[in-house]
Amino acid sequence: MRACVADDASKLARIVDDFPILRERTVRGRRLVYLDSAATSQKPQCVIDALVTYYSTYNANIHRGVYEIAERATDAFEGARGKVARFVNANPRELVWTRNTTEAINLVAHSWGGANIKPGDVILVTQLEHHSNLVPWQELAARTGARLTYVPVDDRGLHVLDDLDDLLDGVKLVALSHVSNTLGTIAPLDIIVPRAHAAGAVVLVDGAQAAPNMPVDVKALDVDFYAFSGHKMCAPTGIGALYGKRALLEAMPPFLTGGDMIRTVTYDGATYNDLPWKFEAGTSNIAGAIGFGAAVEYLSQIGMEWVREHERSLVSYAFERLRELEPRGLVVYGPRDPDLVADVISFNYADIHPHDLASILDGEGVCIRAGHHCTMPLMEKMGWPATARASFYIYNTRQDVDALIDALGKAAAIFKIDRAGAAGALGG
Amino acid sequence: MRACVADDASKLARIVDDFPILRERTVRGRRLVYLDSAATSQKPQCVIDALVTYYSTYNANIHRGVYEIAERATDAFEGARGKVARFVNANPRELVWTRNTTEAINLVAHSWGGANIKPGDVILVTQLEHHSNLVPWQELAARTGARLTYVPVDDRGLHVLDDLDDLLDGVKLVALSHVSNTLGTIAPLDIIVPRAHAAGAVVLVDGAQAAPNMPVDVKALDVDFYAFSGHKMCAPTGIGALYGKRALLEAMPPFLTGGDMIRTVTYDGATYNDLPWKFEAGTSNIAGAIGFGAAVEYLSQIGMEWVREHERSLVSYAFERLRELEPRGLVVYGPRDPDLVADVISFNYADIHPHDLASILDGEGVCIRAGHHCTMPLMEKMGWPATARASFYIYNTRQDVDALIDALGKAAAIFKIDRAGAAGALGG
Amino acid sequence: MDDFYRDYILDHYRNPRNFGHLEHPDVVAEDTNPLCGDRIRMELLVDANGIVADVRFFGKGCAISQASASMLTETVKGRPLADVARLTKEAVLENVGIGISPARLKCAMLGLKVLKTAAVGQLASWPDED
Amino acid sequence: MDDFYRDYILDHYRNPRNFGHLEHPDVVAEDTNPLCGDRIRMELLVDANGIVADVRFFGKGCAISQASASMLTETVKGRPLADVARLTKEAVLENVGIGISPARLKCAMLGLKVLKTAAVGQLASWPDED
């Protein structure tokens, strides 16, 4: 593995410097050690500036405005669509703005699902889906009389594909996450997508954890739908995107209706606008979209290959350092191979409940997440009441990993792990 | 009528100064004359600052975070809900964040409508609805086999209530706008709401143009649902709100599903969170909500009574000045009584197409809107191919009205209205 | 933008050339600009040699869309249909002169779009997207 | 927050008092903290005088929720049920001491919520919302 972090120390320092929240010593005189980017990323100055510039100099509604600032706003908004589309190698016509990944998935479940899923049909998901890529399909199945089945995952959180062809038999839709937000597992899309297509299924990929962390090419992946959120990849909150293959999107009925998504309206009915606007009802999150454009421009300048390498290296280093604590009862969940993991490590430490762990770490200026990570069924299956999760992003350093380890040491001291020890592991 | 503008010249000057886009001479050395606030309002510094502060100092995901900045973000987000709820006199539990008015209305159409509207039921709207409060009901009617009927409006755009009780017979839902975005007409909710309730109907009010411009008290209005958009009232884009009476919201099934709106999830199904989170799936527009909170705080400081008076005075002055141009073919549409009009004046000028008018006015630094204003059926009914629309907000002054009139003079000169004259009026 | 509204533009707006309908058109196409509602219909008479023998347009909308459609009808009358199918944005800009803002470009191009649709016999993509 | 995890809290977490189930409880209530998944069940034996004769709690979760539930069982044993129904947030804060962060308050209050639900015989509103 290439140790790009060490090589790129100055690049990394420059990246850290791009983030106002990381620049200043905000937590009791220390620099924030933010290890919760899988929940939401921090925002670079250039994205914040894009918002401020829009609101301060050319704030206007889009598409129908004749005057200059409305034109500028429209160009910036549609220009941002082009940038985000190019970022995942999609055509701008195939990129629909949504609030977030969740809304993108719901759009497909309602519009495509309502038109295509019939009683007795099968929808296949995996056992490690985020609630946002699970509950909409449970609801769709309940509405339509379809059946929901699961691709199993093993104890390490890796997809078990032994019976894939059987599982795919008669399946109309496969919905799975590109990267698990609980375990970091990267799904073997290269295996699943062609076989799903061969079985006649449409494939939706939840890219919420992948688009921020690795190069994504929807054409090369050959997925039918790809959903992702801006806020996890340096963009503002309230903006996400749905990529869909043009033929599928064209054939789908609109989901939300109202202003902007129509072509003509009479008292008797309406006809709809072209793609992608057919799916964008009402005033969009204009500033959010512009900020998303700035965010992917920023990420592209850094280079998504670099991002992937950087995170692989950090995860690898974190695995190494966490291993030191194993004799005291630290347990890492999920695949422990940095090649199979994106940005996330889940773990527990002896009998310290992850919420307590997160509180103590917060006292040390280290932000991690604790809980079920919106994957309750997976937690139940694995028998984990909750896990602590550290996730990494472009601005994290080896020093952040060291800070995590030191803070875990503090937690061990508070909980007297040396004495009470690894004896009483959590969740027994 | 009280001439509050003259009395409050210094207050007004201070308000103008709060808006960065209006502070600087941005359009060819002139101050922007922005008369398109009905499309989207400009944003005061305090709202922009709220966004920057969130992104720069406590950006984190909400609700599940244990660490300090996540707590601050959650408090700010839920605190903003309280502020916006109080602004319309609602309980925070009854206030659901949406992207905008359009999504709020769609939420009701899908969730409440799906559960309550049956074949043969009647949904009553008015003839002057924005597409966002029309197409969702057309779609709901088409989905369920219900019938959509209309409260007529007269030539001035005033609601004709003569046959209201007949119209209300057997009606399940009445959906109407509080203020028309095309004509400024204020709906007589005091008459319609009690009679709708007496007929057993639920009442949804589209408050997109009312909440920004006048005091709104959902309890006093006794409406069942009230939808409004932040971006039209000083808040960021991408955030809106739905007020709903608790009993109705409690009984409604969720609309979008996924993370955050659930209580428990298993591989077999899900149970849902309490109000209002039951309706908020996925990561919300956190910064947008916080900005919305700052916006209503700002508006409350100004005072919504003052806002209403200020706009009434401006509209009244604009009516006066526009009248001067009537001999040359200027036609004002809609009720011409400032007591019946909120923030909007629609007009046409001789045979100048409104798009041409808007282009020429833009050259003079005056921003107006031209077109059908997302009310195509109304335009069709009235026989107007399009109208020019000037709309006013807290930062507009009599000088802005004068600038409009001067710019109209320029347009008349370019189009040689004196010679070609009022002869060929538009839309004949 | 003000410079745009020259006398000849206003003249074409107020006195559109070739306005109305043909008795027996060989090709007809129509479209609207969804953003502003402008509407243009083009009707062509094509002779045995593939020449545009006559043309009428019908529509309503702003000075830009109506004047540019009117001027286009003058441009294409007597020209081979194949030439019409190859007309570009520049042809329209030459007609209407400079000074048009990006937001209004679609108004100016609506006539062209409809004419090309008629000529090609299928919906052309937006000229400004080529 | 670090100060919060004092020895007696950890002791209650690791050696919860009155943990388990009653054979024939008179009242039972259970709830979860939806945000962190902590779960608490309270079982009460109430004698003829309305006194809490015995109590058991069962659950899993963080040190804060488990320790404060454990301490609460000690607080209420032998007390009239009516008193239990009137217990406040302050009673819990007295038990667990200072230093708890707002985000974790719901963990500390879960046991109280369940206990009051059991006592009142209906779902109490969140104590911290009173």
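Every chain is named by a letter (A, B, C and D) in the order it is written, and numbering of its residues begins at 1.
Criterion: contacts are C-beta pairs under 8 Å (C-beta built on N, C-alpha and C of every residue); 3 or more make two chains touch, one makes a residue touch a chain.
Predicted model, so just to flag it, every value in this text is computed and none were measured.
Q: Tell me the fewest steps from chain C to chain D, where a step is a jump to a chain it touches.
A: The distance in steps between these two chains is 2.
Q: Sort out for me whether B-D or B-C is joined by the greater number of C-beta contact pairs.
A: B-C
Q: Where the centres are mean C-alpha positions, what is the separation of chain B from chain C, in Å?
A: Each chain reduced to its C-alpha mean, chain B and chain C end up 37 Å apart.
Q: Please compute the C-alpha centroid of chain A, do the same for chain C, then give the distance between them in whole Å.
A: Each chain reduced to its C-alpha mean, chain A and chain C end up 47 Å apart.
Q: When the centre of a chain is set as the mean of its C-alpha atoms, what distance in Å lies between chain A and chain B?
A: Centres of chain A and chain B (C-alpha means) sit 33 Å apart.
Q: Name the residues of chain D that each touch 2 or more other chains.
A: In chain D, the residues touching two or more other chains are 35-36, 101, 103-104.
Q: Residue numbers in chain B touching 2 or more other chains?
A: Within chain B, residues 64-68, 70, 264, 355, 359, 362, 370-371, 376 contact more than one other chain.
Q: Could you pull out which chain B residues touch chain D in their complex?
A: 63-68, 70-71, 74-75, 263-264, 273
Q: For the complex, which residues does chain B have touching chain C?
A: Listed in rising order, the residues are 351-356, 359-360, 362-363, 370-372, 376, 385-386, 410, 414-416, 420, 424, 427.
Q: Using the touch definition from the top, list the residues of chain A that touch chain B in their complex.
A: It comes out as residues 20-21, 26-27, 32, 36, 39-40, 42-43, 47-48, 51-52, 55-61, 64-70, 99-103, 105-106, 127, 130-136, 138-139, 142, 150, 229, 231, 236-239, 256-260, 262, 264-270, 281-288, 355, 358-359, 361-362, 366-371, 374, 376-377, 380-381.
Q: Quick check: in the complex, which residue numbers of chain D touch chain B?
A: 32, 34-36, 101-104
Q: Along chain D, where are the residues that touch chain A in the complex?
A: By the definition above, chain D touches chain A via 1-2, 4-5, 10, 14, 35-38, 60-64, 101, 103-104, 107.
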